[in-house]
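Multiple structures are listed underneath, in structure tokens.
Consider the two complexes below, in which chain A is the common component and chain B and chain C are the respective partners.
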Partner chain A sequence: MTTNSTPRVLGVALAAAVLVAILSIKLNTFRDYQIAEIAVEVTAVAGLTILTGLSGQISLGNGAFMAIGAYTTALLLLHLNWPFYLVLVLAAMVTAAAGAVVGVAAARLHGPYLAGATLLLGVALPSVAYAYQGEFGGDQGLDVNFTTPSFLGVNFPLTRWEAWVCSAVAIVTLVLLANLGRSRVGRSWRAVRDDEVAAALAGVNVARSRILAFVVSAACAGLAGALLAIVTGLVAPEAFTITLSIALLTAAVIGGLGTLAGAVWGSLVIVLVPTYATDVATSHGLSSSVASNIPIAAYGAVLILVMLVFPQGIQGAVRWLLGLFWHSPTPSWHTASISKTHEKEGTQ
Partner chain B sequence: MVEFLQFTLSGLSFGMIYAAIALSLVLIWRGTRLLNFAQGGMAMFTTYIALEVIRHTGSYWAGFAVALAAGLVLGGAAELAVIRPSLGKPELNAVIITIGLLILLEGLAGIFYGGQYRSFPAAFSIIGLRVGSTPLGVSRADVFVAVAVLVATLLLAIGFRYTSAGLRMRAAAFNATVARLSGIRVARVITVGWALAGLIGALAGVLVSPSTFLYPNSMDSIFVLGFTAAVIGGLDSPLGAVVGGLLLGVALSYASGYLGSQGSDLTALVALGILVVVLMLRPDGIFAGARVRRV
Partner chain C sequence: MKRSNRLRAPAIAVATVAALAVAACSSSSSPSTSVSSPASSSTSSSTSSSPATSSSPVSSSSAPLTASAPGITATTITIGSHQPLTGPAAPGYSEIAPASAAYFAYVNAHGGVYGRDIDYKYLDDAYNPTQTATVVRQLVLQDNVYAIFDGLGTPTHLAVESFLNAQKVPDVFVASGCNCWDQPTTDPETFGWQLDYIREGKILGAYIAKHFKGKKIGYFYQDDEFGMDGVKGLDYEIPSSMVVSRQSYVDTNVNVAPQVAALRAAGAQVVVSFSIPAFTALLKLTSLKLGFSPTLVVSNVGSDPITLSGLLESFAKQGGATVNGNSLTNGIITDGYAPSLGDANNSWIALFKKVHDQYDAKAPFDGNVLYGMGVAYTFVQAMLKAGRNPTRADLVAAINSGLPQGPLVAPYAYSMTDHDGVTGAYIGVINNGVLAPEGPVQITDTSATGAITTYSGTQPQAPASGIPAP
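Up next, the complex of A and B:
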């Protein structure tokens, strides 16, 4: 991430936007839905990879922030009928505030204790929806009404519009996070992660830096939750289980912890591998209970294999491949030192 | 007053289950410095094996014994097959591998046994015990749960304290390098730790399944609360695991008992509240040693 200059980041973002636009028009409705789904995951996972990879704090509860963002969206659209871009802003602000509260509590905790506290947060918060059925609709959830804007015409497919909205939010989030990671804030996160005492001696406010990482990560998860609300058209506690929070961390690590490209790879894996395995299983005419469980087993096996074969995640493998085929003009000692810093970023 | 007694006793009985899961997590944490997210999944799988054995032999105790043996094998095999190759790689890799193992086991359980809820027999009668005419809120089966976990914990404690294998395990957990230099095969000790954790987890699975039903995800929430209990007690302390489990069991029993249906919806929130209060006062759990944290 350190080598990315702003023009390069913007160039990659533009290329990604064009790619998404072309794919969404060429492919069918189901694939459009998948593009939106991947964009939702990317938004949430990018926030988490910043928190865990750069700031060094583990969270197994970012699904709870997604739930807050999704319920904020549903309530605002249902009761106040706000335009969606304002809803997005408010959803991000509400979850950022929640992130600040959790971050204050988390700043004292480390390792498994933080993992345990955030895991329980991820399990506990959605259960509030069951206890207060009047406000949050219980297990039926809340309906979210989202339509294509009138200027696109009546025949424009809704899923394509959703894919565009989600991808746009995901790409803007990635650009902002890439810049933040290279800024003073990002440097202070890395400093605190690598050596708390040294960072404090160098004038970094350790607690504030930690809390800010939680705020940023929560805001990203809140945006992702808002997007998830419009894509699924329903906000119910069933969607925000422990499985979701764990999948986010899994995607961040599988892709390559601490790298935004890794967040994209990881999101592709957790969305596409189960679907692909389902296709293969059903096309071989297996019984339904076997066919529906083969993707789960395959997904578990893929997680184990990727972690054993590519310790630095998929992005680490991509870097290694690029290094094989593409000889960069920089002197070898230079590339070696860069790859070393990257490795170090990945390990923490 | 009778109500209070009932809630306390049934809370203690459920707390013993959380304590067992917490204990298995502590066993692994002390040896490997790793949270095993597959602990619940392994317990689920061994309980399915027990159910198959009970169905074929008709004997509960045959199933019980096979489940414990399967837990022992599964724990050791998991360590050898996927955990050991991941050591020395980034810390979170091993965590993701245990998550992968959990998902793999849940998928395999679905493939072999299907996703439907299965009922699992209890060892003893589940009719509530009474003193005179007062119901105690617990049954013979609940008493068996408490006794079984207590016996397992005591056996472990005695084994750790009075056998040379236990001494080796304590030495390896205390300082792996020094232990290795003294001729202890630390790798083997760690495998044994995982096997024992698998056994305790399998025990918890067999004990809890009569009241939760058995399905591929049935141990998820039990695992979360067992993990919470371990964190409350302090991940380095087996005693802390048991105390944390009982504390959590009793508190959750009061919450769902006194707060009615809303209370049982909010059990996870109550658990979170307890966890936050404990960690704000003692960031490394109740029984954390006064140890300097390396920064």
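Up next, the complex of A and C:
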């Protein structure tokens, strides 16, 4: 965690890929599906955590970007029947373009105003699907057909293939974002986040830097939307309500804003806690009106606990724990200000 | 530096609070309950599309009970469902699965299905297709349910229809009137149950064409497959010259004043409404406000008198007015495919009331509860017909060979080539909070030319035991 050199990032990525492969073969097919879901979530949350943690902008509209990616995927597969990897690239590009448009507006807004503007996007965009039912299938949405490639044989479970595809995309995305974060671009984002005037004086183009952050974040959301489309097998407006956008932000905050590892932690919590809470609620034979609300309560409780105990999110906690054992200075690349607060807490 | 941090902190705080609020009032979750005995921690075979290798479906009554299919053990049949237990679609609809569970509990207490208990595991999808996809995969891939039963909602269930058919999991009695469940060639595992919206539109349309000849008709419908299938059926029967205005609404916009004003301006004397209960109430209240009082004809989905009356009173209260819900619903013409709740002499109502009072007493005895019990009864009918040690294919074959008429007023359409559910309904008028049937049961098909005929049979009596005969 000290030096994020490229070989180190690639090493971690390779280890993650091996881990996913082993887990997907060892666990049952439903767990494979959950791995795919986590990978989708990681892809989207990583983009958001970069936007919010590194460039200091907030977005409550990344669910809408996911919708753009998902509908692009569904339409291309449905009408043109392109190979999926090509569709994936196109979905990211289309969403990046949408991100640029929103970014131009966003570059002028700060704090709650930006939150409000992106909230508008998150609420309004899914309604477009109702307005143009012929193209977007309205309420019923569009079907997405995704199958295992023939070379894997007929008995290869589809969910395992989905887990592999989604994890591969998620890992590649994380590697690219890690490199971007350490590059000149990432440094200018942090400079703009910490002090716009100083950054401008130092020669950083503030507006361009902020727009670029939106583009990157939207592209990640577009990728995640494309993956969600193949995993769910259906693209419908109900899947992209404002709840989704807020869940993404929640995952980023729980995991630890601005850190890619935090995006992974947050995604694990968002996907696994409800299922686990359901199993617990079920096994205790509670009445349905009580049991149906337990996962929601658990979700809220986890959120409150993490925020109270570890304001830096789970990754902050992990770093604190590691700090207890190693006494390394850990000046990681992502958070000048966050680690500063952290040090302050440590000394109190 | 301090400035930007100060600005960012509140924004994130706002977002976090919003997240908490949303998390608390709706959204992500997947709870479940199971009826009766502990769930069989079924054996591990994961995807289970194994071809039927077992014996013939009709085994002798002495044959030992075996684990004949995924989800079936010697003692239990585990089935699953996705339901909106939380979120915006939960009010009303969340009563359906507990009502089904109550009927299964009754069956379990009276000997079960060939001695097996039904274990009904329904998970919350909050009416979100992404969550439907997750919970149904959990049920099929991890919990190894025998079948998916009564999955609720059109967009939600569409998200899992092809998955279930690919896995060869019986997908029985979807809780939606979409015509899309009737595709026996592409989706042989999927079956509808309730009256589909096209048939319903035809039956309402024929009544209007006959009883309101020469009157001006206006349409008010939800802008999705529900409303559009309904309008399709209406248009098959009502001459287009009679229709003076067609107004649609989207269920996210509660201001229906423009639509009502347009209906009024067109001089509509009869308004046909394919709407959910909340929008039936809004239509009625907005009409009152504009001094517009057409005869209302409302689809079954949007006309449950108890639900409607409650909504009318609460909406009026929000607007600072007091109304009597029951008196406002008086005179609404609608259709029913289940016996009227007000018909205490009906043996089915008596049976389900008894089960309700014993196993589900906390819920009001309304249309949703009746629905849940009726569809559960039909499932038990199908399971009994599938045999003592059924495979998954046996259940599908049993329904394909037709099911006897049960708690609904008309026969089912089920056959190898037709996966629609009930085929007809009667017209009724709401009077003092109760649906009073008016005229005989009409049956029809979903085609433009298919005749609407009076059903000549009669609804069989509910069995005294409350459990269908094998």
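General observations
The rule is short, and it goes like this: the second predicted complex is superposed on the first by the 323 of 348 C-alpha atoms of A that agree within 3 Å, B and C clash if a C-alpha of one lies under 4 Å from a C-alpha of the other, contacts with A are read in each partner's own complex, and residues count from 1 in each chain.
By our rule, a residue touches a chain if its C-beta (ideal position, glycine included) is under 8 Å from a C-beta of that chain, and two chains touch if they have at least 3 such contacts.
Here the structure is a predicted model, which means the values were calculated and not measured.
Partners chain B and chain C, brought together by superposition on chain A, clash. In the overlay built on the shared chain, the residue A:239 is in contact with chain C alone; chain B does not reach it.
Touch criterion met: A:121 reaches chain B, while chain C stays clear of it.
Once the two complexes are laid over each other on the shared chain, residue contacts for A:275 go to chain C alone; chain B is not touched. When both complexes are overlaid on chain A, the residue A:312 reaches chain B alone and has no touch with chain C. Counted by residues of chain A touched, the larger count belongs to C, out of chain B and chain C. Of the two partner chains placed by superposition, A:202 touches none, neither chain B nor chain C.
In the superposed model, A:130 lies in contact with both chain B and chain C.
Within the superposed three-chain model, A:141 lies in touch with chain C and out of touch with chain B [touch as defined at top]. In the superposition on chain A, contact is made by A:294 with both chain B and chain C.
When the shared chain is aligned, chain C comes close enough to touch A:33, but chain B does not. Shared interface residues of chain A, touching chain B in one complex and chain C in the other, are 52, 58, 110, 112, 115, 127, 130, 195-196, 242, 246, 249-250, 253, 257, 289, 292-297, 299-300, 303-304, 307. The residues of chain C lying in touch with chain A in their complex are 1, 3-5, 7-8, 10-12, 14-16, 18-20, 22-24, 26-34, 39, 44, 46-47, 85-86, 94, 97-98, 101, 121-124, 127-130, 133-134, 137-138, 140-142, 154-156, 158-160, 162-163, 166, 178, 180, 223-225, 250, 252.
Interface residues of chain B, counted against chain A in their complex, comprise 29, 35, 37, 82, 85-86, 89-97, 99-111, 114-115, 216, 220-221, 224, 227-228, 230-231, 235, 262, 265-269, 271-272, 275-276, 279-280, 283-285, 293, 295. Within the complex formed with chain B, the residues of chain A that make contact are 52, 58, 105, 108-110, 112-113, 115-117, 119-121, 123-125, 127-128, 130-131, 195-197, 242, 246, 249-250, 253-254, 257, 289-290, 292-304, 307-308, 311-312, 346-348.
Looking at the complex, you find that chain A touches chain C at residues 28-31, 33-34, 37, 52, 56, 58, 60, 110-112, 114-115, 127, 130, 133, 138-141, 143, 145, 157-159, 193-196, 198, 228, 231-234, 236-239, 241-244, 246-247, 249-250, 253, 257, 270, 274-275, 277-278, 281-282, 285-289, 291-297, 299-300, 303-304, 307, 337.
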